[in-house]
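Here come two complexes built around chain A, the first alongside chain B, the second alongside chain C.
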Partner chain A sequence: MKRTRSYLAPTALALAAAIGFSAPVTAAENGKFRVGIVTFLSGAAAGPFGVPSLNGAKLVIDALNEGKVPAPYGLKGINGLEIETVIVDENGGASKQVEEFRNLAERHKVDAVIGYISSGDCLAIAPVAEELKLTTVLFDCGTSRLFEENKAPTYVFRTGLDAAIDNIGAARYLIDSGRKLESVASIQQNYAWGHDSWGDFSAAIKQLKPGVKVTTEQLPKLFQGQYGAEISALSVSKPDVIHSSFWGGDMEAFVLQGNARGLFDKRTAVLTCGESALDRFKGQAPNGLVIGARGPFGAFAPENTLSTWFRTAYRSSAEMDPTYPAFKMAQAILGLKAAVEKAAGKPGVIPAKEEVARSFKGLSFESVSGTVRMARANGHQALQGIAYGEYKFDAKSDKATIANVKSYSGECVTPPDGTTAADWIKAGFPGAQCN
Partner chain B sequence: MTTLYAILIDGMIYASWLFMVAAGLTVIYGVMRILNMAHGSFYSIGAYTGASLVGWYFSGAQGAPYWSYALLLGAALVSGVVVGLLIEQGLLQFMYKRDEILMVIVTYALLLILEDATKLIFGVDPYFTFQPYSLLGRSEIGELTFANYDLALIAVAAVIGAACWLTLNRTHTGKVLRAVIQDREIAIAMGVNVKLMFAATFVVGTTLGAIAGALTAPAISVSPGIGVEVIVLAFAVVVVGGLGSIEGAIVGALLVGITRAAAVHLAPQIELFVIYGVMALVLAVRPQGLFGRDLARKI
Partner chain C sequence: MLKLDKTEIWLVVSALVLLASAFLLPNWLTFILTLALAKALVVQGVVIQMRAGLVSFGQGLFFCIGGYSVGMGGAFLNIHDAFVLVALGVAASVGVAAILGLLMTRYRDIFFAMLSLALSMILYGLIVKNQALGSTDGFNVHDVSFLGWMPAGEDQKLVIFVLTVIVAGGIAIALNRYMKSGLGGVNEAIKENEIRVEFLGLSPRWILYANYLFAAGISAVGGAFTALATGHVDPEMAFWTTSGEFVFIALLGGTSHVAAPFIAAVLFALVRTYALELAPHSWQMILGFVLLAIIVFLPKGLWSLVAGKRRAAA
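What follows is the complex of A and B.
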């Protein structure tokens, strides 16, 4: 008993001290706007998505705090208040993320949260954000179920695009490019993302070009890394086009192994997330590989004052071109800033979360990817177009570029409110406005 | 016909990789009775050191590209020996008399520590050092094209398998090791330096893991978590073949590799299930694995 007491006292003291030192000062108390940033800092998604998005977040937040972001974002920080961040690792699964989100809301008392790459995390966070009434901007996750399951959101917004758009855009690009397209094969990571992507793409391509045959559907395990048998199966099935929503190391390994075995010599492959490895392929991807950036981001971002500033600043700080996750993070931060400042009316105050939610709903704001309209999911989902193009590597300059880019407007590739992506595709894209 | 030989060649390539990954695990268990959960970390360390060194070599273009293969092997040997020796001498040697289950927990803790240490040292950005993979070119076999690097791995795995088997069955050291495997206490009584044997075996096991990682690195994008991914597969192979048996690991790898390749070609929907299906089937018929021995329990 005596021994227990001797340990208990210092432990209790240490705990009390730790709690005391870490108890956050609320934003209102320290006069700063506190934002929780959640992205992958470890795990396989950190390299291709987490690190670029965190680099993008740091760059934009620092520049905002210094008042160096071009118009219309000249006001320092968010509404004149310095932005401070609480950075959280997204790795660890949905349950851990819900716990971390509650920590951000209740312990760190953040004014808003920006984050989430994994669709599973987004689906778990959205109802908790509504319960805690915390402004939450989802910058990357693409699941179509987000606003199908959360039908009447108030505090949850997504400035990234729905994944269905990636695949509808890819199907349209392949048709419009005039390639031979009588058969198509698929290789997807065996989890919800891969299944959903292939479901949307195969439905869209069959709708746009009836009679297209599916030769094989490969579903290797996530992070498998070795695709020898899958590449043989794809070669044997002799498709005209191979569709894949692979990302990260899996995508790079598949392209390297497939190219070394001549898989892409006689057929086209389309990688919906390909742009995230544009500078990493280093000539190991074949010229003509069709790649996307999950929206008008990264190498597909239109030239404007904001995108030029962002590219230049990112290059000088990270010594590489920003890929689409960096653009998407920057877009989410600018969207939040625009919404808060619209709600506040005058500089130097933090508006109530209800006010921010009201002003974010249906907001139109300028971004590094052009004008963003929150015009889907009753004003909670961004509406933007998508672009695809062909990978082209120049061995002399050791640089990759994108050729034959074609863009599709948001209205061309996005289902209208009140219908699911699957139903919209099945019905033949009613109301789609394509140029 | 094309599908048939594709299954055989793909199966052989995958099996050779599986064997290289599993060989170190089965050697360590066979001699030391340690189910080394940290084996995946040695694979990962080999992959990272190999990829880093080859990346550095090609970024400077210092010499002939074929030297990159020597660098891969050198990186694996150095990292496997150094890390293996540090762990065996610094931790495991103090725990040899503990229960096998406790050693599983110890090596699992080691796996978590090494995973984080790898991230701290090498960062979270993937390493993409493809040059040794592309350098060997490709060969056409019938309608299909294969990367020569993958075909070369079959030969490397055969050399590793033969070296392990010959060492265990045709050398004096092998005889001593088999004595330790049969009965540790009697071996000590006969004057065998079991501590030295254990240290050497652990280092050989970790180096085999590191070699597998280093030789895989040029074909993949080396990223955090690759060690955890392979450990499950390695366990499946050694459990099918029988824990501690080199012959078992060879047959287990072939069985799993060819069955998986058949599933990918004929029924891709069940590819994920088929590896564990084979394992469950073998365990149902022979719980000790195909080459595992029934052991009399000492009282």
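What follows is the complex of A and C.
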């Protein structure tokens, strides 16, 4: 034992030293455009969000590098430069993500970062991105606090939508669909996302239909998986509609367990993140379940050249339909490409970060979800509409589709700059333009 | 008057080397070192108690109190001076520990471990329920100043690194003195046989109580520096996995020397960041194997590399 140890000691120390002092990776001076991609590769959010978004990223980046993406994105890579990626797992909490973000900026010397599903991570990253002056495109996180806390962003952009929009849209859809709506019940995961979603939805529905009763508010813990007690509580409270911002395995478990117990027989439920499991329900969800995709993404994306191309390409590589996280990732990459190319002026160069930030601000670009305008938060937040529809399963073709889709324009569901989502709802949506 | 022993000279030299290297190392590395040293302070808190036979699975409680004191001091009390904020964190943490310690010191073994874990999860639950504190998303730490001086960007990170090194060095020397004092030796005795210690005329309970308070204080320092460095606090700081990581690093380093937790924390951080880079899809596995290898080949922790060599030389 002593002998082994005497060998082991220097080896282990040398190894530690080698890890500690190995030279930083070469800078992106190799004529490529280096992008850091941060998304969940492990943990509960990897399955429903992380993996589809990474699939989408790989697909779009490979196609861009081969110059196969339809117009107006025909130019190879980003501005004619091949895209090189550094992939980072978002799992592990905000302080680790700050550490890894700094590594991306200073060790990997990336030209831009695209990523972040968790709202907590987005909140932690935004000030660091500003400090390091690194172009950062947040593709999925939904917290309304992002640009409320970082009031004057320069380098941080969000191409995904604010979660308040999901819930304002859901409330409008329920009213417009002419359902019986005397009372609502709520079941949310007990963490910031659930609290915020219900806060926005309950405020919006009370504003749109005064006198709506809330029968029960259930807050099971995150990743609980078993909802027997909550389903009983929801059933006995006899609401007309159940609202839930559940996602991932929790959402699927709730729908399966609730459906088996007849929870959805006499009433409907609205699931703001429901679309991400469209193909996974396999007929085990009730027809008529109202689902959303957090914007015009996934099954709700409009037909255009880009979305058709993206759907076909995704289906052939991942053997399933792209869900909304894949669309949102594709949108972030296309937005970055559009901004860089607009800033560069001529192909083959990487423009200065200040230039990219300036051209990204207020940019209007074509995406897999239609035209995106960076028209909120002083040009740093995308403005897009939202759509809701009903789940419909066709047993013959073994395929789920969405029926009775209704879309709302961005101006109808998005608070204008200078007011918070909560205040805007409370004031009765002043300035909303709905058709 | 202040005579340094060999360990302390080494500690001072290491601290000076780290301070000098701050200007040579790339910023990302100093940032990793800042977080690792801050974390090591919490691990020291775990180790103090471990020497007396108590494993705290809830040291995240005090880590979180330290971090949130910094965040809330800035957001609600309008205190922006780093020194005041750290002091606030320590005061809050020791205050809480003074009350909880009365209960905690009555328990040993698994009961102590579980109770400490439960207490930290209570804090986690309270913060998650609190919308004003941003629930699970947490909130940012803005506009930190140092005695009226407000450095921006990289300078600020450098200042925090320098402060962390100095404070960690100071605490390490204090811990070393405590470990080598008579009272420090009693900790080992409490671990071996508490009743005998009582018959020697000492009160194990009050020694454990003092340990508990001291551990809470330095854990809060670690939490405060983490909050200052990352610029964000969230309830994950009090979550059981965070506390578990502290115990893990403690075992990784070993409990026999004051430098061990620092080395282990730095190694852990470096292995993690490079594992993440090499294998973004399976970095946890690399981390697991490295840690497993250390446990199998060095059951007394990394420090046995140094200790083993010394014995061989003697």
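By our rule, the second predicted complex is superposed on the first by the 407 of 435 C-alpha atoms of A that agree within 3 Å, B and C clash if a C-alpha of one lies under 4 Å from a C-alpha of the other, contacts with A are read in each partner's own complex, and residues count from 1 in each chain.
Operating definition for what follows: a residue touches a chain if its C-beta (ideal position, glycine included) is under 8 Å from a C-beta of that chain, and two chains touch if they have at least 3 such contacts.
Treat the numbers as computed from the prediction; the structure is a model and nothing was measured.
J.: Between chain B and chain C, whom does A:V128 touch in the aligned arrangement: first, second, both, or neither?
T.: A:V128: touches chain C, not chain B.
J.: First (chain B), second (chain C), both or neither: which does A:Q284 touch?
T.: A:Q284 sits against chain B, while chain C stays out of touch.
J.: Please indicate which partner A:A343 is in contact with in the superposed arrangement: first for chain B, second for chain C, both, or neither.
T.: After superposing on A, A:A343 lies clear of both chain B and chain C.
J.: Check whether A:N190 is in contact with chain B, with chain C, with both or with neither, and answer first, second, both or neither.
T.: both
J.: A:G120 contacts which: chain B (first), chain C (second), both, neither?
T.: Touch status of A:G120: second partner only.
J.: After the superposition on A, what does A:R261 contact: first (chain B), second (chain C), both or neither?
T.: first
J.: In the superposed arrangement, does A:V236 touch chain B (first), chain C (second), both or neither?
T.: In the superposition, A:V236 touches chain B alone.
J.: Touch test for A:S42: chain B only (first), chain C only (second), both, or neither?
T.: Both partners, chain B and chain C.
J.: Give me the intersection of chain A's contacts with chain B and its contacts with chain C, in residue numbers.
T.: 41-42, 190
J.: Across the complex, what residues on chain C touch chain A?
T.: Touch list, chain C to chain A: 26-28, 31-32, 35, 128-129, 131, 134-140, 142, 152-154, 226, 230-232, 234, 236, 242, 266-267, 269-274, 276-277, 280-281, 283-284, 297-298, 302, 304-306, 308-309, 312.
J.: Which stretch or stretches of chain B touch chain A in the complex?
T.: Against chain A, chain B makes touches at 2-3, 6-7, 9-11, 13-14, 17, 119, 124-126, 128, 130, 133-134, 138, 143-147, 149-150, 216, 219-226, 229, 260-261, 264-265, 268-269, 271-272.
J.: Spell out the part of chain A that touches chain C in their complex, as residue ranges.
T.: Going through chain A, the ones touching chain C are 2, 4-6, 8-9, 12-13, 16, 19-20, 24, 41-42, 86-89, 93-96, 98-100, 102-103, 105-107, 119-120, 123-124, 127-128, 131-132, 143, 145, 149-150, 190-193, 195-196, 199.
J.: Residues of chain A touching chain B in their complex?
T.: Spelled out, the residues of chain A in touch with chain B are 41-44, 46-48, 50-51, 190, 216-221, 223-226, 228-230, 232-233, 235-236, 248-250, 252-253, 256-257, 260-263, 280, 282, 284.
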